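As written, the chains take the letters A, B, C, D, E, F, G and H, and residue 1 is the first residue of each chain.
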Amino acid sequence: MLNRLHSILTEVAAGRTTPEAALAHLRDLPYEDLDFARLDHHRALRQGAPEVVFGQGKTPAQVVAIVQRMVAHSGSALVTRADAEMAAQVLAAQPGAAYHAAPRLITVGGFAEPKAEAGFVAVLAAGTSDLPVAEEAAVTLEWLGVSVQRVWDVGAAGLHRLLDQREVLWAAQAIIVVAGMEGALATVVGGLAACPIVAVPTSVGYGASFNGLAPLLTMLNTCTPGVAVVNIDNGFGAAMFAHRIVAPAPKLSAE
Amino acid sequence: MLNRLHSILTEVAAGRTTPEAALAHLRDLPYEDLDFARLDHHRALRQGAPEVVFGQGKTPAQVVAIVQRMVAHSGSALVTRADAEMAAQVLAAQPGAAYHAAPRLITVGGFAEPKAEAGFVAVLAAGTSDLPVAEEAAVTLEWLGVSVQRVWDVGAAGLHRLLDQREVLWAAQAIIVVAGMEGALATVVGGLAACPIVAVPTSVGYGASFNGLAPLLTMLNTCTPGVAVVNIDNGFGAAMFAHRIVAPAPKLSAE
Amino acid sequence: MLNRLHSILTEVAAGRTTPEAALAHLRDLPYEDLDFARLDHHRALRQGAPEVVFGQGKTPAQVVAIVQRMVAHSGSALVTRADAEMAAQVLAAQPGAAYHAAPRLITVGGFAEPKAEAGFVAVLAAGTSDLPVAEEAAVTLEWLGVSVQRVWDVGAAGLHRLLDQREVLWAAQAIIVVAGMEGALATVVGGLAACPIVAVPTSVGYGASFNGLAPLLTMLNTCTPGVAVVNIDNGFGAAMFAHRIVAPAPKLSAE
Amino acid sequence: MLNRLHSILTEVAAGRTTPEAALAHLRDLPYEDLDFARLDHHRALRQGAPEVVFGQGKTPAQVVAIVQRMVAHSGSALVTRADAEMAAQVLAAQPGAAYHAAPRLITVGGFAEPKAEAGFVAVLAAGTSDLPVAEEAAVTLEWLGVSVQRVWDVGAAGLHRLLDQREVLWAAQAIIVVAGMEGALATVVGGLAACPIVAVPTSVGYGASFNGLAPLLTMLNTCTPGVAVVNIDNGFGAAMFAHRIVAPAPKLSAE
Amino acid sequence: MLNRLHSILTEVAAGRTTPEAALAHLRDLPYEDLDFARLDHHRALRQGAPEVVFGQGKTPAQVVAIVQRMVAHSGSALVTRADAEMAAQVLAAQPGAAYHAAPRLITVGGFAEPKAEAGFVAVLAAGTSDLPVAEEAAVTLEWLGVSVQRVWDVGAAGLHRLLDQREVLWAAQAIIVVAGMEGALATVVGGLAACPIVAVPTSVGYGASFNGLAPLLTMLNTCTPGVAVVNIDNGFGAAMFAHRIVAPAPKLSAE
Amino acid sequence: MLNRLHSILTEVAAGRTTPEAALAHLRDLPYEDLDFARLDHHRALRQGAPEVVFGQGKTPAQVVAIVQRMVAHSGSALVTRADAEMAAQVLAAQPGAAYHAAPRLITVGGFAEPKAEAGFVAVLAAGTSDLPVAEEAAVTLEWLGVSVQRVWDVGAAGLHRLLDQREVLWAAQAIIVVAGMEGALATVVGGLAACPIVAVPTSVGYGASFNGLAPLLTMLNTCTPGVAVVNIDNGFGAAMFAHRIVAPAPKLSAE
Amino acid sequence: MLNRLHSILTEVAAGRTTPEAALAHLRDLPYEDLDFARLDHHRALRQGAPEVVFGQGKTPAQVVAIVQRMVAHSGSALVTRADAEMAAQVLAAQPGAAYHAAPRLITVGGFAEPKAEAGFVAVLAAGTSDLPVAEEAAVTLEWLGVSVQRVWDVGAAGLHRLLDQREVLWAAQAIIVVAGMEGALATVVGGLAACPIVAVPTSVGYGASFNGLAPLLTMLNTCTPGVAVVNIDNGFGAAMFAHRIVAPAPKLSAE
Amino acid sequence: MLNRLHSILTEVAAGRTTPEAALAHLRDLPYEDLDFARLDHHRALRQGAPEVVFGQGKTPAQVVAIVQRMVAHSGSALVTRADAEMAAQVLAAQPGAAYHAAPRLITVGGFAEPKAEAGFVAVLAAGTSDLPVAEEAAVTLEWLGVSVQRVWDVGAAGLHRLLDQREVLWAAQAIIVVAGMEGALATVVGGLAACPIVAVPTSVGYGASFNGLAPLLTMLNTCTPGVAVVNIDNGFGAAMFAHRIVAPAPKLSAE
């Protein structure tokens, strides 16, 4: 920023630019050209993370339009919470689009080959009913170019199935734990693994789950360190968080 | 009941009892002599469970009076939620009374030798802070004449400590799991043991425990069968429930 | 466990087994052969309790496949929360399957003749609207080979109907109380009976029931000892818990 | 109101009153003299219910001043939620004042002899810890000149003690049920009595009472008709409500 | 009760009744013949209140059968929460049945002419959306033979409309206030009237009404005495409570 | 009021009006003619705010009737929460009616040209899913004759988009902030603008939004002064409140 | 902003300033000199609103230091939630400081004479216990130079006292309604007045107030338009909001 | 594990070890020597993270004993939630212990020099009242050998102060955001930074914060990706989680 100002000022001082031309150059300075505005562009470049659209509450036509603009800009797109009708229209309109029915995701592009040295994220699901949320996390990570190991059906009530997978837990760079009912899996995994654990409560359960409040509170109150929590059923958010851990953006200097 | 009526009627028919004498005999029939009224006396005889008083909200003087009446009647008494001042007054007034400071219990009598063949109740505490509630359960059971095995500090975050105790879990007739924070221990124990598990949430925890709401919901939503739940911090209630499992009352016939 | 290790080591020492063959034998030792893994097999044998599948959130095809695998393995199966469409497909594919419409259960096999000396579980329902949950408990118990006595329509507002049944309450080994609205029945029964009482709140009620929160809190706060609580509408869970009381598994030694 | 206007207008028309004098007479008409304003004065006359002051959050000095003004106006006063310090100052300043320590009430005057034909209000308390709230209801009623029958320690867990009192329940004109814990007493009484039942939840209980939320929900969801509910620990409010039932005000005509 | 026992005993003493015949006469004494059992019959006679069935959660065929049994017994019936399909079947099967669509009530018989001297209950509805609940209260009262005055659309935001009706408020023997949104109407009416006020919160409202929680809390916390509260949307319960006020049952003696 | 009484009294005193005629003139005095009754008429005149009807829970036929009466009286009408079917019937019956589908509003008349000097209200929406609520606010304001500037898609996560609009924030007379998810936009806008900010939480969000509870609490707890909150999804209410700020009614004197 | 850049560029072009000197001049441009940073300074000038410090959770020494810095900068200061000890230290250290004990405010400077034409804010308190919060609002407004009319003790239960004040309600530019218990006063005032109404729920009340949740929900759900709500007990926030209504800041152009 | 078994078996086969000696060697195999048990030791070695004790609810004497055992074992210790009295006793008994009063931490040892290339964690606090929690996070990280940059008093209401620190946000490896009130800071930071953000809600705030529920929900519902949440006031948990991100443990192989 300061450097850029300095070179413009030098051009003006040298008479190679008039004040008016310099001003025209700088007029959008207050926000468009500021670092925090430029940051958005930086972030996409750094992370290989194209933009994402929340499909719920939008019409298929709106989503088609947004996806086309995204793909034109970055070559890829991700739509979350997309139902089958929305997917049909997007797939008809956008070459290369794919629909992942269980996690309700539409993807275009993405899925770069993970780098061998980059490690992987383990995605655990406590029960079969938690799979749609777990797949939302797993597919989002893969679309972002992150290697994933799925570990399904390892609820805390059957400890041996989880212990069977403990080498996966030890080798992972980050773990996403998806669990409904009482959500105790996050605590048990927290006691076995040494990497960061992102817990996702789901709304799967009987009455006193109160639509996911029970596992949410369980995970927030876990007695094991190394666990943080995202919103109920938010597999996408867990993936984005884990992506920041395993694929850190290059540090920005202030220029 | 019907038998008793019959014999009285027969006495009257035979002229051995006047109607008035019979009536005097039966006058408290509507409730005092009914089976469901007599039940209370039966219960105490069967269970060896003397009466219990909830100390909280009573004055020491009131508790002294109640304890003396209890001891006069049954030879024993249990006071829950008793603070040190209350205990001091009871111990001064009632020979044989003892104060258990951590669980805040005053006992008189009780503590019969458990029968060898009767098995035991395992009382588990997840963390050190859960001990007062766990001790309330354990001492109450012992006062009721039930054998107890204490298993402390086996929170779900350190699985190996719990697995170390699995033979205790397998040998118990019932298990009481006392846990605060997120209460996941109940789920893990539920997956390891085959006997009934009584879960006691405690109010120990950080902010989003909401004074025990978090472990309460965890335990109610557990994905493992064989777990039932009592009130927050209610070690006494868990003991009374477990006592009904391990020392069942003789079945009543209707006479 | 140690015994088994010892005999293998002896075989190796005697040259009757090579180290490699012994190793192949032991390779799954860390978890598959450990007692806590074997426990699962033990449990099925001991309890006559074949595996159970939670039907909700699964497709009929998935449930058909799981049931067939279960029946092949153990000769019986239980599916909870199964709707009519799911039941139709399972009944078409699996000989011997039966559908219990009110409690939404599919059963295959099970229903062994209860042993005469084993006693019974009384299942109480406060109102007609609580019957589906109460039947879920009753049928699950019967499928597990436990004798059941149903006591319907004995809500706390009409005390005489309940008192009429007090001999059943006195004779039961355990009582399951199913109640919506305000759930006061658990307290009243708790005052009449001496056996363990498993309370099941239901989501039946007017607005301030908050989908079962009201009877859940009522039952957790009951002023009578001997009551523990399971999740809202969880008749299945109550049955599994009661089964552990009335049909205790043989105690495991550590071998 | 219209009559009064008419007579004033007639006086003016007859020249016996000037418009200005009439206006002076009527100047406070918009509210002070309107029926709904006069209502307050009517109400006190009709009901024999002197004014009441909520002591909590006021200084002793403020309460002394208010009480003195009340007594000067009506000869009596009632202060609720008064602590001992406040009571000491009021008693020192106001002859005839009395302090009721358990219910924390200060009374001056009142306590008129109930009319023999007027019937009584039964005030029930489930447990000893509920007594301060129950006494707040009972003393308030007595101060209002209503006959009270106290029925203590009849919690729903010990049915026979309550049934013992059923003649009181049948004879009462209204019943106030004060209960903490799970509050089931209101339901049981509702099934036994035919008069209106005012339920008062109290904040007495273990953790999941959530300071009275549990009995509040119990009472609101009661499956028996004839029960209405007031605020947690609000014995005073229950008494005021019951007073309106047993000592109805004479009906107002619009004149 | 005691009298009855005495005369039987006398008959037996006189040889006019054998013990066995007396026993047959008394055999259902323990509960069926006890006063608290007889109470139910007394109640119906006293109150002119035939039995009531909660329609929700029952099949039309079940309701038809119950209604026919009720009418055979008492000549009248009331079904609450009945939808149109249920009503059609009941009306086809039971002569004299009528359907009240807005409050979803089916009535048979009832609607006795109110006694002129008996006064009336005022039923107030704050807004048009509250009418179904208010009509449930009003029609229930009329079916019970109580005179009703309906006062619609007098929400607290438009005070003059309410003040316009104050003579009705002053003349009523009891007032039922039905209000959703914030439920402030109960407080305002409480300040204007001197009779008992039964408040019914409704689930009508924007998001933070939380399905009626907001007006429920408003009504419970009202700063005016003389208000008690029933469950959300429970117009029927309010009517049953008001009926106990305005048509008190004759007092029972213990004989 | 007093002046009016005085002139009437003078007329009577002068014999120009009989007491009876004066009384006829004044008979509706108690409420209809009182200032607080007249207020309603004053308000409509002052504010140019015709009456409004809440469409939800009413039948299309009812709404048609109400709208026709409104238009006959004031020439305009606004219906909120109207679905397409209701709109079709109103548009068929009432010339000049228009339907705004996204905010579900029906308008007749209104939309007066805002006065140039009157300033404008900025309506901000955090995300696309918040638009229906934001449009409800914006169209209501425009129908009331208030100028609106819409600022869409300026959620707090993308600060530069909001900063880009800061001149709008500085120029507005009032700002309505509509936001779901976590609702942080209200806080950020509160730190940038100096005018009153009306925050509207929406029910848009993942599970732990609890239908708008999350942004509601966020906005109530905002650390920036100058923010007040209306009900969840209540765009109409925010508009009515903002209208009172930007188009204040002329002050009333008491005559 | 652009003007300032232009003049600097012109200076550089003219050789009157070197690029380096210009750069030094502009170096803090990215945020310190941006309009949104300058905004803070503008705001203080415009509004006559010196800075405010939240006293709670700070030591007296910290508050003394902050106040001295504030007064040095702007000549005035306001401390909220200050206890007596904190006040004593501030008054000892800072000449001109005053302590307002009921609302727990410390003021220095401020209290400019309100302009005659500026109107006033009416501050209403429902009960005596709400006065500390109401005074926090009133004194804050006066310190900000806004005229205030206090209207105490006008709870919704006593309508005539409020109607007595209706001319104040009609003349106010904004109204702050402070109410605990059920908070119905906001609704009633909303129906009487035409100006913006800022509602402040207080934590005053019986149990089911849940520390102010009840009046908070009441006020959010009010059926009358023109009411917005601030946090529980937040009289200060209501004053800051009302100040923005009655003393609007001059509009900023972007320069 | 398997390798270890193999070498033992080979020793036995070779006759160099008797079966009994091998067995003695392996006897604690079932859990003590299993990888998941050894994990604990590995973890401490890898992470340089000595053990930690939760001080709350323990006596000073207990904490002294635990700390001494810890220091004997690992040379360092950390006690959280330690009050001054506890700290005094620990400092008296344990050389090298230090007390950090604001975050209530006792440390022994630790504070290794962070590696230059390891980056840092930025710890942000929204307000002064959030500092104790923020310091708990910062000091814990430093004790763990992680470099920290503190950024205080950057609440979302004053955006320019936060933007001033954006270079710190861009350079951090992870960010801990500590905020009470409405917790919007997490959202704003989430929009500015590209690294993982750990959000810590605090219990600081006015009434409707409900002891931290408000910022907790805000942070869980944030509309920006890259944010995960820990328990209310749990600065320690946030530090442990961030430590796992910035100082990942070496991956374990299964041998």
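Keep this in mind: a residue touches a chain if its C-beta (ideal position, glycine included) is under 8 Å from a C-beta of that chain, and two chains touch if they have at least 3 such contacts.
This structure is a prediction, so every number in the text was calculated from the model and none was measured.
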Among the other chains, which touch subunit A and subunit E together?
B, C, F, G
For copies subunit D and subunit F, work out whether under half or over half of the interface numbers are shared, and give different or same accordingly.
same
Consider the two chain pairs A-C and A-H; indicate the one with the greater count of contacting C-beta pairs.
A-H
How big is the rotation, 0 to 180°, that puts the C-alpha atoms of subunit B on those of subunit E, in steps of 5?
180
Between subunit B and subunit C, what's the gap in Å when you average each chain's C-alpha atoms?
24
Between subunit C and subunit F, what's the gap in Å when you average each chain's C-alpha atoms?
56
Separation of the C-alpha centres, subunit C versus subunit H, in whole Å, is 41
Mind pulling the subunit G residues that touch 2 or more other chains?
30, 34-36, 39, 127, 158-159, 163, 192, 206, 208-209, 213, 216, 220-221, 231-232, 237
Can you list every touching chain pair?
A-B, A-C, A-F, A-G, A-H, B-C, B-D, B-E, B-H, C-D, C-E, C-H, D-E, D-F, D-G, E-F, E-G, F-G, F-H, G-H
Once bound in the complex, which stretches of subunit D touch subunit G?
30-32, 34, 36-37, 40, 54, 56-58, 62, 201, 203, 211-213, 216, 231-234, 237
Show me the residue ranges of subunit F that touch subunit H in the complex, using the header's touch definition.
126-127, 155-159, 181-184, 187-188, 190-192, 205-206, 208-210, 213-215, 217-224
For subunit F, which residues count as touching subunit A in their complex?
127-129, 158-160, 163-164, 204, 206-209
Please name which positions on subunit H make contact with subunit C in the complex.
1-2, 5-6, 9-10, 12-13, 15, 18-20, 22-23, 26-27, 29-30, 34-35
For a test of understanding, state which residues of subunit D touch subunit E in their complex under the given definition.
35-36, 39, 42-43, 46-47, 52, 119, 163, 166-167, 170-171, 173, 192, 194-196, 198, 216, 220-221, 225-232, 236-238, 240-241, 244-245, 248-249, 251-254
